[in-house]
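Labels A, B, C and D are assigned to the chains in the order they are written; within every chain, residues are numbered from 1.
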Amino acid sequence: MSTVIDAGQVAEHNAKLQAQLQADYDALGGMLARRGQDIEELTSLAQGFAVAVPSWGVGTGGTRFARFPGRGEPRNVFEKLDDCGVINQLTRATPSVSLHFPWDKPTDAKELRDKAASLGLFFDAVNSNTFQDQVGQEQTYKYGSLTAGSAEVRAQAVAHNIECIELGKTLGSRALTVWVGDGANFPGQHNLRGALERYLDSMRKIYAALPEDWNVFIEHKLFEPAFYATTIADWGTSFACATELGPKAKCLVDLGHHAPNTNIEMIVARLAQFGKLGGFHFNDSKYGDDDLDSGSINPFQLFLVFNELADAALRDGAAFKPSYMLDQSHNVTDPVESLMNSAVEVQRAFVQAALVDRAALAVYQQQNDALQAAQTLKHAFRTDVSPILAMARVRAGGAADPVACYRASGYRDRVAGMRPAKAGASSSGIV
Amino acid sequence: MSTVIDAGQVAEHNAKLQAQLQADYDALGGMLARRGQDIEELTSLAQGFAVAVPSWGVGTGGTRFARFPGRGEPRNVFEKLDDCGVINQLTRATPSVSLHFPWDKPTDAKELRDKAASLGLFFDAVNSNTFQDQVGQEQTYKYGSLTAGSAEVRAQAVAHNIECIELGKTLGSRALTVWVGDGANFPGQHNLRGALERYLDSMRKIYAALPEDWNVFIEHKLFEPAFYATTIADWGTSFACATELGPKAKCLVDLGHHAPNTNIEMIVARLAQFGKLGGFHFNDSKYGDDDLDSGSINPFQLFLVFNELADAALRDGAAFKPSYMLDQSHNVTDPVESLMNSAVEVQRAFVQAALVDRAALAVYQQQNDALQAAQTLKHAFRTDVSPILAMARVRAGGAADPVACYRASGYRDRVAGMRPAKAGASSSGIV
Amino acid sequence: MSTVIDAGQVAEHNAKLQAQLQADYDALGGMLARRGQDIEELTSLAQGFAVAVPSWGVGTGGTRFARFPGRGEPRNVFEKLDDCGVINQLTRATPSVSLHFPWDKPTDAKELRDKAASLGLFFDAVNSNTFQDQVGQEQTYKYGSLTAGSAEVRAQAVAHNIECIELGKTLGSRALTVWVGDGANFPGQHNLRGALERYLDSMRKIYAALPEDWNVFIEHKLFEPAFYATTIADWGTSFACATELGPKAKCLVDLGHHAPNTNIEMIVARLAQFGKLGGFHFNDSKYGDDDLDSGSINPFQLFLVFNELADAALRDGAAFKPSYMLDQSHNVTDPVESLMNSAVEVQRAFVQAALVDRAALAVYQQQNDALQAAQTLKHAFRTDVSPILAMARVRAGGAADPVACYRASGYRDRVAGMRPAKAGASSSGIV
Amino acid sequence: MSTVIDAGQVAEHNAKLQAQLQADYDALGGMLARRGQDIEELTSLAQGFAVAVPSWGVGTGGTRFARFPGRGEPRNVFEKLDDCGVINQLTRATPSVSLHFPWDKPTDAKELRDKAASLGLFFDAVNSNTFQDQVGQEQTYKYGSLTAGSAEVRAQAVAHNIECIELGKTLGSRALTVWVGDGANFPGQHNLRGALERYLDSMRKIYAALPEDWNVFIEHKLFEPAFYATTIADWGTSFACATELGPKAKCLVDLGHHAPNTNIEMIVARLAQFGKLGGFHFNDSKYGDDDLDSGSINPFQLFLVFNELADAALRDGAAFKPSYMLDQSHNVTDPVESLMNSAVEVQRAFVQAALVDRAALAVYQQQNDALQAAQTLKHAFRTDVSPILAMARVRAGGAADPVACYRASGYRDRVAGMRPAKAGASSSGIV
């Protein structure tokens, strides 16, 4: 297995931080032991955690106003994989990559799969794209895709999704994520019910093309690019559609796709309860689909989401296996750094949720002791599990401090030399 | 049939306004005729419209900070019915009353039904109340009712709902509306999934007690009185629960119970599409469950809701019969005036929606002519149908200008003399 | 004065609609007369109304996900002016154009001014652009412009604004609108106070370059492109900065730049009261800076804004002269049609606000008669003033039905032939 | 100085936890030392922190739907002070109490001051109440108080505020907090500008009555009890009014009084920059003025607020002294427990903000290294300073674990016996 950053550099980096890490790890281990918790169990748990990296996330993102390119942006899917390889090499928490077609469409799928394997990576859910027109495309998605009034447009969009499944099969994926921007900018533009009927009709055709062991994830979003009414706007619509379609259809929760003030962890609980939680697009947001780095704005919310996931795992056991993916837009940071950091933040929430004393919590809940129930969660959330996460990385061959190690490696400078800027590189980053 | 305001006064009022009304009606009729629309059809449609009045709405409402009582507030359900009688007498759009138990619990249900009949009123959905403790009640709802951790609390709440059904049967109602304030103020206070499981368990018992021709309406609400997580917080949860319970369970949409920026008319379309639209609590709001007068803040939204209802009626025919109720809190106005005005505003939206040229709209939609599709709705909305509404009232025996007629009648002064203020009359108005 | 659409076509269009318009106008005139209002006064008022068209609005807009170009998009500022000429020709409500530099930077300002004059247009406020990098630009705005930590970046941004003023002087403008996207995507990225100090420092230099009779408008916006903290995020910050800068600095209100649930008409009232209301960017929105067509989502809100403007005009007289501009993104409609329609919608709100019986309103307010006060506004808003607006257009040489006339003229087909599509035409539409 | 809980009990409690606390403290001290930070400095800082307790907070709160009383609720201001005494005794972070008149109006102010002194307490800002009518009051506040159209109502409201100042002077307060619920439920109910003019006029009279060394704090709030337009709705209005009134007038920030998605820490930065930050009402919220326990919903936001306060303290030195108060409604918890916990949470944010490496942060900001700037804040926030807070309490004579110590003390049982429930005790808790 090739490593994109020299393994010796990583080892050297870890060696320098070893003493401090061990001391902090021991200090934390003592604190946890005094509460009756075993740090080694948590470290082992942390090592088992994985979240997929989005191929489009390694390019610099932007807004409708501007995109300010970064240095050394990947120009094709192979270069994107190199960046993803670095992220996993240093964090050991991102062994898989989620591709987006046609952006990442390979001429030779086998070659792409081999490339991934050479980096120790595999492919998570594939994503279709019917929210943009591609050069040479027959029908336009200007007025919708799976919901379009035109049967030709819908047929093209359905065919593209089925092609994504075919590509995904070759690449070893097991799921298709369908997000459509379809919707209306004006009251009256759509017959709201008609649009959803057409969506369901299109999705039934895509569903029929799913292999036996695949899932299709329906991703809802409140607004943007449609600004009056989005066809798949909320979890209720997503859930109703997934129910109509059948057991392979599940709902995908993006943390930035909800109305203001929405309690997202409760949506997670609801979807888990009704057997329709397919997975996540992790990121953070303050206003809308801001696609900020996971845990950067409201880390407690991320913890509460994982608290629900831990509850569901306890109830439903091995059957409960939602997909975890990052989905962020990195407008002002080095995307590799942001993705490494974000993977760690999601992993952090996962480990903190494991720290919750669920037996005590259940008792407090039964006693209506809201204060102590809340403190039971806060107690877990307050625990700084950084040494656990660092130790998990080091033990798995990753870096004690991924960002510092990455910066020291000179990777960005190296690829900046190898990847001259493409003009208007909109195929990466802006989603 | 007794009328609470002297019929002669109404006739005299109408006589004074007759010439102006007829002139405006004729002018509007001409404008509509030039667009190919028949004013008489619309007037006839308006006469068929009905929305229920909430018994609690005739008392003055308030907030957690204060309630400023009004003059002549009704002190019991019989006096509330008198006020409801006036509202229907003058608007001819509110022939039914929605009761709330135990607030309106009669000692003699037969007597109450007779009283209503004498006023030309009948009873719409009955409402249970498990969000307050009543004097002498065994179990407290402080920590929940249908979702409570305590089996005794749940049993009491279930029993109360079944009692409401029994009362409703005697009174001629055909539906039970269940709104619970159950939820959590702290992360951790509830096991979110456990709470909903208990809710469903409780509701199954209530559902089992429903007569064959009854419905149960599940009313969701984002927040208040619970401020972190409300068990039935959104239409998705309401829909999932209604689906679990069975065909008699449907969802009730209160226009103020949604997250900011929510597209409510799309929720209406979704529930209609999936056969679960039970009915409405009409009001208006700017921030939350403000319970303001219908159409006072965003009249175009009310129109768009009725635009969806018109679409559903066209698609589903006679089978489509959602219940319409007002649910408002009148803190600074005379509740009778606000309810009359609000009934008219809802009726206005209903008539305006009937003005939409649906054939043209469908063509514009198919042609992706968003601008003209939008204008087709705006054109209907812009039409000032006031003369139609007034004529419909006058023809049915109501008042051309209900508020003016009411004020001239001296009704409020009269009841103020007959109904001395009760201290702390919290059983009316504050919901 | 040249007209871009043949005047004979407009006359013919009007002739066809003349009888219906006159009949509707007379019917409405009768209704108004019965309420004591003179339709001629209102028509005359409507004729005096003007709102500026944004040069960037005549191109097709888009989102960060995609832009779907329209046919015949203007490729330079001269072609943009042609489109603006059509809009004013048919609506007679948009005699001025607001330019955006460097997008619209002329090589010969005199030639541009002559072109505008030949179309009967003049130039409203000019807009600077420091939210994008231009080809060949020395410093990048990736990390801010007027607030940037780098003195070189700030100097470049200040110089650009001063250049805009110089251009504007030549073109006959009287105001500079400054909107910056500056802000942070992460807590900690900015020292929040330091960023505003630098903003004020930069703005003082720009302010110093303003001619005696110019204003500078500060435009605030809650979020996008910055997603954690926007330096000029709300009217409070805008107001505080305008106060610091001096009397020529005023605040510009864009209807889509506020937090959810914000009462925008109250912000208008506040800025008017404290002498800092500079002007408007009209559009409509449901979620954020959606830039939808004015009046398409919440027409009552637009009316309430004009209700405040009417109140301020009454109080402050001729001294009260805010600038009116449209600022919309037309993603799915023909921009010329949307701008014509939107100008009419803004004009509609202006005329409806003039219909408010302010004497009666004041009495109701003093009597705490909230219901009748509200009805006084609703009464004006409900009045369908379409015949007044159409008559005002026809009398001024515009079209009775601008969209119908425009479509009949074949203008779009004509320019589609003359303006072959430019690849990636991002200089128009996306703002 | 009397202590309400037996000092021996506290000592015994601390003794039991001593070994674990010391071990955790040492472990944390080691971790901090490895980062170059001195735990003793932080502990000393923590000991200097103080936040005022609201007298109304020790009663059980409620909503407009219901209030579910707790056991042993205080029935008068003296009993409230006892509860406040316990809170400070165990947390050593709440030496002052904020009173609310007329709820807490003493018959003998001297006696009240002596009572407070005997408990080691003093009085922070006093609060006026013109949002409720009191028995026997001449004028009603139903339609407003300081903004009322009626001169008599305004005079009564002004006189009440001046009386509050007089009472405060006797009690040793130094500030008056003015929150009014004044506003409108309907468009048109208020002349928005007229209402603010009357507010300013009333406030000028109150301002004139302020002693030389007093401040008046203006508290804004978006909505509730007014649901369409609140006169003092946002920080912009608060700031403009404070500027109009003069240097003694400052703005008070309640964390639950903002529009959805508002960046509150930026408002804090703005008010600090312009010299108008008067103080805080700390609590937490998810939807509106939820008045939840501080730090229970979004602890990172609370940290970011204190991060701004630390920045301001660094810039402005000793001159920067905002007032800190809690303002919460305890509907489902023991108010004493919630207030103790909340005081600790606010103190936690204060200490965490002190952990921020401001020199490194400034460098990252200057370098546009957004990722590391953000991590610098997150690093401080992630640090679990619980042992520091506990040690600070123990050293000052408080309890290592205030809630556990309080529960063990049997205080609630004791007062429940001494304080039989008052019917309808609305004078406590519901604000």
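Quick note on the criterion: a residue touches a chain if its C-beta (ideal position, glycine included) is under 8 Å from a C-beta of that chain, and two chains touch if they have at least 3 such contacts.
Just so it is clear, the structure is predicted and the values come from calculations on it, not from any experiment.
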Once you count every C-beta pair in contact for both, which comes out on top, A-B or B-D?
A-B
Would you kindly say which chain has the C-alpha centre located farthest from the C-alpha centre of chain D?
C
Taking each chain's centre as the mean of its CA atoms, how far is chain B from chain D in angstrom?
39
Inter-chain centre distance, chain A versus chain B - centres from mean C-alpha coordinates, in Å:
43
Where chain B touches two or more other chains at once, the residues are 142-143, 185-187, 189, 222-223, 228, 260-261, 263, 286-287, 293, 296-297, 300, 332-333, 368, 370-371, 374-375, 378
Taking the complex as given, what residues does chain B use to touch chain A?
142-143, 149, 184-194, 196-197, 222-223, 228-229, 233-237, 239-240, 243, 258-263, 265-267, 269-270, 272-274, 300, 304, 307-308, 311-312, 315, 361-362, 364-366, 368, 370-371, 373-378
Applying the document's contact rule, which stretches of chain C touch chain A when the two form their complex?
62-66, 68, 131-133, 140-143, 181, 185-187, 189, 222-225, 227-228, 260, 285-288, 290-293, 296-297, 331-333, 424, 430-431
Contacting residues of chain B [partner chain C, same complex]
20, 23-24, 27-28, 30-31, 34, 260-261, 263, 286-287, 293, 295-301, 332-334, 337-338, 341, 368, 370-372, 374-375, 378, 381-384, 386, 403
